[in-house]
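Okay, so here's the structure we're looking at.
Labels run A, B, C, D and E following the written order; every chain starts at residue 1.
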């Protein structure tokens, strides 16, 4: 049975994209759809853990780990029909690696130079061996862009040209940009020059186009899906998952993700001039024990989440977790608090994102649970900018947070969560010399087994003493019309429409 | 001055009953609520209305009835504090401006223009964002914006009243302007502001619930109707009771205030 | 009546109420317009007398009355109380003046604060002017109510519980509370029914005898003014056009306007009906005053000079009129 | 001569919070063709309600009983459509306050034309001409321009003239004038009164003239009826009543008016105040204020009885009143 | 009339200036900065500082204000920080949507309020009156986001009469898409208008000039239309203008619920995103539109009421 071709799939998003430049964009609203417009040399596998061929058909890391050589696919073209030249690839990769250009440069910070080999292959030379360089070539910021078109844009520098280019971006992804009404709809149409073939032997994609509709209100998004005006909708509130599962017209998908929910704890000895109980590791552990994760999972995710086994998600490569961290144990929590000198508990603030149902839900539940251990939790609802500001400046006691990986490698999350030089372990002030040293070693470790061991140890330390209360991992809830086939959201969050189709 | 019961207009009577009952619930919520409004029961998540939970339980296993009742305390507070500062400040400014007239009146006119030209909700949201979410800051924001309306009403009325002979009589008696303004004019000019106040109270509850919806109003786990409705919004199909009962409470209270407003207007009109 | 020093002396006062000019007019430097309510009023009020002031609506009677008690400050000219220019008074002196010259108002429905009981109204007057120590106030209130022939239980009622006539008496009691020398009564009884009017007029006459009050009685009812005044001043368009002892003025009016006014007032005697219209036309607008004599637009006797020159009220004489014609006759 | 208008047992009540109150209590009177009937009484005595009841212009919460015979037909039982023909056509009304009775947002022309449209067959041009004619008739100069103006651009006297112009638009047979001059100055009042009398003569209409000013009655009316607390207490030819009032109230009214020669002496006043609608005393409503009152007056309400010289009075003690005369108190 | 217009315009200048200053200061008082808001948790401090410098946000507020004024003087309202588009473009895209929504709501509320106010006023205290007032009251007391959702569920999803949110592509589609949201907004406005108009009609019906008109023997319909409606509308017109002004600024929640890409939603997003230029520019644009509304209602009022025009 062959896949149906044609049709335009309408997909409901909770927020609109902001800036369609692979390098200079800032947020998931861009990242998660960029791969449909811009192709990368390599592609992530559907489980988000491996790599497969993209614009490059072959790739090889040299034995010393200092160069990567890739062979470009034959006859590849940008969506305007112009051929993709090696120069485009070189220019794109260099732009991505240029320091101070956007905020994603760290992912490819090892790249020293990109050249073209005699046989037309691409040669990336590194400043140090980088075990995450291959997955990095699947990440959005290494997407290949048409150098000439970009440079022909008006504007005096890269940033201004990017602005102009991003209004009508041209790439080599399965779809190409057609129109965009800010805050409302973005229309993509099939790229006739896409290289990949469908199961019928003709080029992908199956769809004639994809239309993104922006519908911030969850309930409305679902209503539109149910009324048939949408073929798919993202960010279905967990509360409605069961209901939509029961809907015969819909497929309620829970795509595995790298998404985790947690509480970040400020562990500095003093916060705002006051002594900080969270600086005591026993207190942190006590709070972890006092947290009934199963109940929270039940309340907030209606049971679709699962308890965290490590600070990184189970879908992140090299996750070493075996069982849930800190199973609920109120007595242990109390005794740990007593040991730490907080027999009568204490009172502390938690930053919550105003108007966010999940966060307020978690916070409310935590408030109840911790009260049993004598900890009085004050909820402080703030908006995102305020929260980020307080977070960055370290002027918070606790905050709720969520994370998804951008790369199929543990280094990204670890550098933010456990390795103190990046951002002081989530701006918490937590620092472990051993973790820092292990992480630095792992960053140029070429032996996979050794790297695995290094990460195991990092997780062991960070999970036990780290600046977090571990809550849950949760999947991406996406509801699709039964007509939709072949759509996937991979654990890194990317919405992949290239093999999606609508059955007639 | 006393009205016999049958002379009270029906709207006033009905509204008075509604709001009276609301006040009783607001003052003694614990007496009427069967459960602790914030206590969660993980074994009773989202139970439909039953004898044990006449309005069901919410997604945290909290008793909706108890939450609706306890919310009276907060929402009546919102009705009161959300308006009283605007009212107090507005009538004082309004009385002074109305009496002084001239330049003060012109300047005031421009301020009024500016404030009513400002998108109201946006301004409130901006102010609450500056100060941080929470009821107290919401009251501040409402007061910053709201006084203008009261001042406008009072100024207009004082302008009428100050032309009446009793105002001149006060001045001819040698009373100070302050005495004339606040002892004589204001008490006579205040009725339309009071009628507006009552309606404004209903609006304050609505606004409170809208801000609650945006996370800027009452903070969890406090039970507040707007927040409850917003919470229950995702369960409209699977747990309608979570949002419907607080919705009914809002409508009833709003109805009560509006009826009182209508009734007061009627009484004060005939009194004249 | 012998010529003695007047108690209150009004010396050539004017008062205009400008229309507010808006920004645009100010930018264009347009001259503002104004209602010229008083256009040079000169008048003496003698101790113990009742001076009646009559005239048609809008002629400035109330404005004059208000200038007397300094509810308005006049634009030019002076009002002397004894020897002091009342415009110079402030603070305690002004309060003292306010106590000595009191005003009673026209509208019984709006001249009392509807939210205050009679007791509060009187207490306020007594205490602000420190007329009595607090302990004696209730006794004084009883006295005052008795004086205006109101029952004792009136003290604890609100104004709206009284009829119009009773309210006017409350107004009188309030004025009397501060023991004034002069009462300025602006249309005291115009809003009252005939039968009630008589009660209040009788009360006023009695009080005047009893307390030796000087009364300025402003009204448009000629019969009434004639009944209670010693002297009468007739106003037209913000000017006193004729002033004289009551009898003289009513029996032999000098000014054509006074004559028209008297002729227009319907006689109470059906036998003396007439079908002749007393005065044609309407009052000119006080915004744009006529050139020359203010009455020239309606005066049947107007001649050339009346359109050029505005006649002044002669400085002396008991019975005087501001009219070229009568002045010419006299000469 | 048959009366033009016969009012018989007219009563008007208001539903006052459940208990109805009577504003006009069983009054009857006639108006002869070409006659000016004065209706006098103090504020609240029911003069306006009487006029409005005749025209069936009372608000919903009131009830009118009795009959009003107009040229043989009873206005009280007419259909709305028939009534519309009479209203403004055969019987016109002038209201007390020209300031509030003219619609402030319509130009004067519209307000006059509206009447012509309803009661005449005139074409548009005919109506325009008639408007000008009417303005001239009531003595408004510069009629053409004035017609396009709004009421607030007129002075009080001018507004009253406009009212009269509207009332006269379709040559009514009866004019109900409700205190048409109370709001006006004496010189203007004088002008308006004379205008109405002139028009009466010219158009041969009857006039019911409501006022509380006895001077106005003396100057304009042929006959008069005195109202007190919703009843007619005395009626008769004007000279006769003025010369010899048969009712204590009429006597008091006449005595309250200052007369020349009595300067600064106490007036003959009626003690007390007129009763409110809800507190009408039993028996003769006037008894609490009456010097002649006896137990009979406190018990029973006197009926209007014919007396000498075409006068009628509702008083048990007319003889004593007559004997007391007008002088002194 | 042109004088009237000019006067209005002159009055607008200080108003706008005042609003401008308040907004400029207010948004900068908000904790956090646009860069933090956009980049979220992941950005490194160095990146944030660099971007803020590029945006000129590291200068003192007075300096920024002067620069802003200079830019405004040349008609340049700056670029959105988040969307990287000129603010003028955004205004051109978003404002018409909100204006259209509001205009539709205003018209709908008139259509609902005027006839029903008549019925209620003329059948005062009868069943019809109570029913009308009660229904509107419930509409008025219902939070907009809740009402919107119910309407969407019933008329959008269940009955399928209207699209569930969105804005559509053509003018016709806009109208179709905006029907439910406009109705949601209209209901509360209609309730307020209905109440006011009803009271006004009751007042006017008893007015002397209406009784006088009846005494002329003209048709009841003429009395109602010519004498009652017009006068009653006068008192409602300025309230209407005022409410439409409030609607314009208050469409935020409706726009969120119905997924309409309007100005209200953008304003809130921009406040949250600390997108200073957008907040400033949008407030100005809204203020101008609101002032225009006031002006229009003034004109209508002057046209209805000859006493106003001078």
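Just so it is clear, a contact is a pair of C-beta atoms (placed from the backbone, for glycine too) under 8 Å apart; a residue touches a chain by one contact, two chains touch by 3 or more.
Quick caveat: nothing in here was measured; it's all calculated off a predicted structure.
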Lowest number of touching-chain links that must be crossed from chain B to chain C: 1
Chain pair with the higher count of C-beta pairs in contact (A-B, A-E): A-E
Whole-Å separation of chain centres (CA-atom averages), chain D against chain E: 53
Euclidean distance of C-alpha centroids - chain A vs chain C, Å: 88
Whole-Å gap between the CA centroids of chain C and chain D: 31
CA centroid of chain B to CA centroid of chain E, Å: 22
In chain D, residues with contacts to at least two other chains: none
Set of chain E residues in contact with two or more other chains: 11, 30-31, 149, 153, 272
Chain A: positions in contact with at least two other chains: 219, 382-383, 386
Complex interface listing, chain D residues touching chain E: 52, 55, 57, 59, 80, 83-89, 92-93, 95, 97, 100-107, 110, 114-115, 117-119, 150, 152, 163, 166
In the complex, chain B residues that touch chain E: 110-111, 113-114, 116-123, 125-127, 129-130, 202, 206, 209-210, 213-214, 226, 229-230, 233, 236, 243, 247, 250-255, 258-259, 262, 265
Complex contact set, residues of chain E against chain D: 206-209, 211-220, 222, 226-227, 230-231, 234, 304-307
Of chain A, residues touching chain E in the complex: 18-19, 26-27, 100, 103, 106, 159, 163, 166, 181-185, 213-217, 219-221, 223-224, 226-227, 229, 382-392, 401, 416, 422-423, 426
Touching residues (chain side chain C, partner chain B) in the complex: 66, 69, 71, 94-95, 97-99, 102-103, 105-107, 110-116, 124-125, 128-129, 158, 171, 174, 178
